[in-house]
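Lettered A, B, C, D, E and F in written order, each chain numbered from 1.
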Amino acid sequence: MTAPSMPRDTEAYARGLALFERLHGGHSGAGLATSRDELCPDFLTMTMEWAFAGVLDRPGLDLVTREFVIIACCVTRGYLPQLRAHIEAALVAGATREQIVEVIVQTQFYASGAAANNALGVAAEVFGLQA
Amino acid sequence: MTAPSMPRDTEAYARGLALFERLHGGHSGAGLATSRDELCPDFLTMTMEWAFAGVLDRPGLDLVTREFVIIACCVTRGYLPQLRAHIEAALVAGATREQIVEVIVQTQFYASGAAANNALGVAAEVFGLQA
Amino acid sequence: MTAPSMPRDTEAYARGLALFERLHGGHSGAGLATSRDELCPDFLTMTMEWAFAGVLDRPGLDLVTREFVIIACCVTRGYLPQLRAHIEAALVAGATREQIVEVIVQTQFYASGAAANNALGVAAEVFGLQA
Amino acid sequence: MTAPSMPRDTEAYARGLALFERLHGGHSGAGLATSRDELCPDFLTMTMEWAFAGVLDRPGLDLVTREFVIIACCVTRGYLPQLRAHIEAALVAGATREQIVEVIVQTQFYASGAAANNALGVAAEVFGLQA
Amino acid sequence: MTAPSMPRDTEAYARGLALFERLHGGHSGAGLATSRDELCPDFLTMTMEWAFAGVLDRPGLDLVTREFVIIACCVTRGYLPQLRAHIEAALVAGATREQIVEVIVQTQFYASGAAANNALGVAAEVFGLQA
Amino acid sequence: MTAPSMPRDTEAYARGLALFERLHGGHSGAGLATSRDELCPDFLTMTMEWAFAGVLDRPGLDLVTREFVIIACCVTRGYLPQLRAHIEAALVAGATREQIVEVIVQTQFYASGAAANNALGVAAEVFGLQA
């Protein structure tokens, strides 16, 4: 749809894509991102270079904690498709189901109890429980 | 202003207040909470029993990670006074300044870059840097 | 999933559950809350003890007005499943359909016209009208 | 700044302005609205005709309940200047301080505990208590 | 449901309805608005007189730019049904698909990358691409 | 505070910084961004490379319209310092005061009337009028 203007033969793109595939490959987030390629390929390039290689792959904070931060943001904003993708990613990165539940429970006085309740429903779906 | 209806001679209140004083005593959050006592003492009781003893003191996730979750929520909602209080609390709980900065930087694609920027301004103030 | 740590043989739990069942029993909110029991039983306990017994059952404001406040919050945040549940609860508590519509119309300059419009769609569904 | 395009010699403008002056005259909301007159007089006209005469003055819900709905919206969005103005307006309309505190306390599981806490600070200021 | 109190034989209603039908007739937004007529006819009247005739039809900014402003608001708040309707309206008003994609891409550091990503999914649906 | 890990001798950084200085140099946004340099120099690098060179400088939409999109986002989220900076930037880019006022007025049914009102206050300050 829009012509691509950003090159993809960069170290950052390759590194971001590898992290993306490690965390989201085979899960719901994979389609969420790659389907943007037809509409706006640069947005997918930005996502890999900036969000994955540029931020998520930074030193100074471990990957599980970074996923918990993302989960807290998604609970707060009500981004339920992204929340699902990052609960899956947190599990891939080594988080336990119990920790993920505690992250969501912890959000309740800042994101709101209703936001935490809706997020627990998404977690239940990912875990194969009654949502 | 409103008459208190909740007792304060409970184990939960004492435990919540102790955690509150450990994390916020002498910092900006202390006044934020206790000033509610004149207007609505039950709200302060709820804060100690529920938010501190009931949620923040739960097992299953360490205190530093819980503070990072709270910081992510406060960045996302734009609660700047609470953000300041929880940056201070995270430091008391053992987080480093670098970790707190990385938590805020990590929020930028979910809370927004503008929200992260405003939050870094609060962190700079807490750290005694140019805000 | 997560082990329960909160007892349920308390006066507050029983009182909260009774109010919950009075307001949401047989409606959409019932499933919304109880489905959390498998994933995180403590979250359900917190909901009954804190949100229902601890806040909604407080004196000083009648139940219908409290439901209107909740509806206004849900319209503003866009929590549509909770909005549906609390429109049902407001009817149980004695509110008229006309009052509920006026509450939603009143939110439009503060929550936004778009939020009010989406909320009227939920109200229409609850009332059995064209949504 | 922008040229006015809406007439002010209408029944709706007069009725809206009268309701505005009854509720906000001499309080913080008065300046909040009238200062828009220099920049964009039509916005002030819209406020009087639409928000005040067209919505707030509608039948079907009493004025105090309408102000509680507005307060709940302002707590949820974090509109602190408007919150102050509508706490003042609710008092003028006949609400008690205790009811206003209960409205704010009721928002905590839907707007968030942090939002309720910040709103109680505004209420304390309006009531002349320690904020 | 609620009795209508606003007349519809006004110049503003006719002008707003004509603009509404020009922009949304035959698209998703048409049903979104008119379905409110059974529940609260005044809300539909307000929408035509205020939002369409009173604001969208104002001079001083061209219609395409006004639709871009609305799209930016809907991306930011996450109003996906309205976003779809206003992407359709922007196309009717003369915007290109490329411009609409750029508007959404531009929101990413202020609304958040996740909000922009969700909005691109809606745009892809409207454009008949893989969402 | 945090060690820089991103190089600044790139074409993107130079181009982003030049656009930043053109739009914000000498205005409130200048300090807003550069004060981040002491705390987290990489965040400033990201801002210049990603937000300015990578997005704001893209083809396909003129700079004034991009600033209007940003203003709409900032009104909606309530980011008042950024709103001020981007009203200044829109003026530098060639927008008129009247257009900026119309952008803000247009947001009122999607961001909310209260958000538009607060934003007009910021515009009045920038324009040297009574806020």
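The working rule: a residue touches a chain if its C-beta (ideal position, glycine included) is under 8 Å from a C-beta of that chain, and two chains touch if they have at least 3 such contacts.
Just so it is clear, the model here is predicted, and its values are computed rather than measured.
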| item | value |
| --- | --- |
| Cα superposition angle of subunit A on its copy subunit E, in degrees to the nearest 5 | 120 |
| Taking each chain's C-alpha mean as its centre, the one farthest from subunit F | C |
| Distance between the centres, which are taken as Cα means, of subunit F and subunit E, whole angstrom | 25 |
| Subunit D-subunit E separation of Cα centroids, rounded to whole Å | 27 |
| Of all residues in subunit C, the ones touching two or more other chains | 2, 42, 46, 50-51, 55, 58, 60, 73-74, 77-79, 82, 98, 101-102, 105, 108-115 |
| In the complex, subunit F residues that touch subunit B | 1-2, 32-33, 35-36, 38-40, 42-43, 46-47, 51, 73-74, 77-79, 81-82 |
| Parts of subunit E lying in touch with subunit F, wherever the complex brings them together | 50-51, 55-56, 58, 60-61, 65-66, 68-70, 72-77, 79, 82, 98-99, 101-103, 105-111 |
| Partner subunit A, residues of subunit E touching it in the complex | 78, 97-98, 101-102, 105, 108, 112-118, 120-121, 123-124, 127, 129-131 |
| Sites on subunit A touched by subunit D in the complex | 108-115 |
| Touching residues on subunit A, where the partner in the complex is subunit F | 2, 5-6, 42, 46, 50, 54-55, 58-60 |
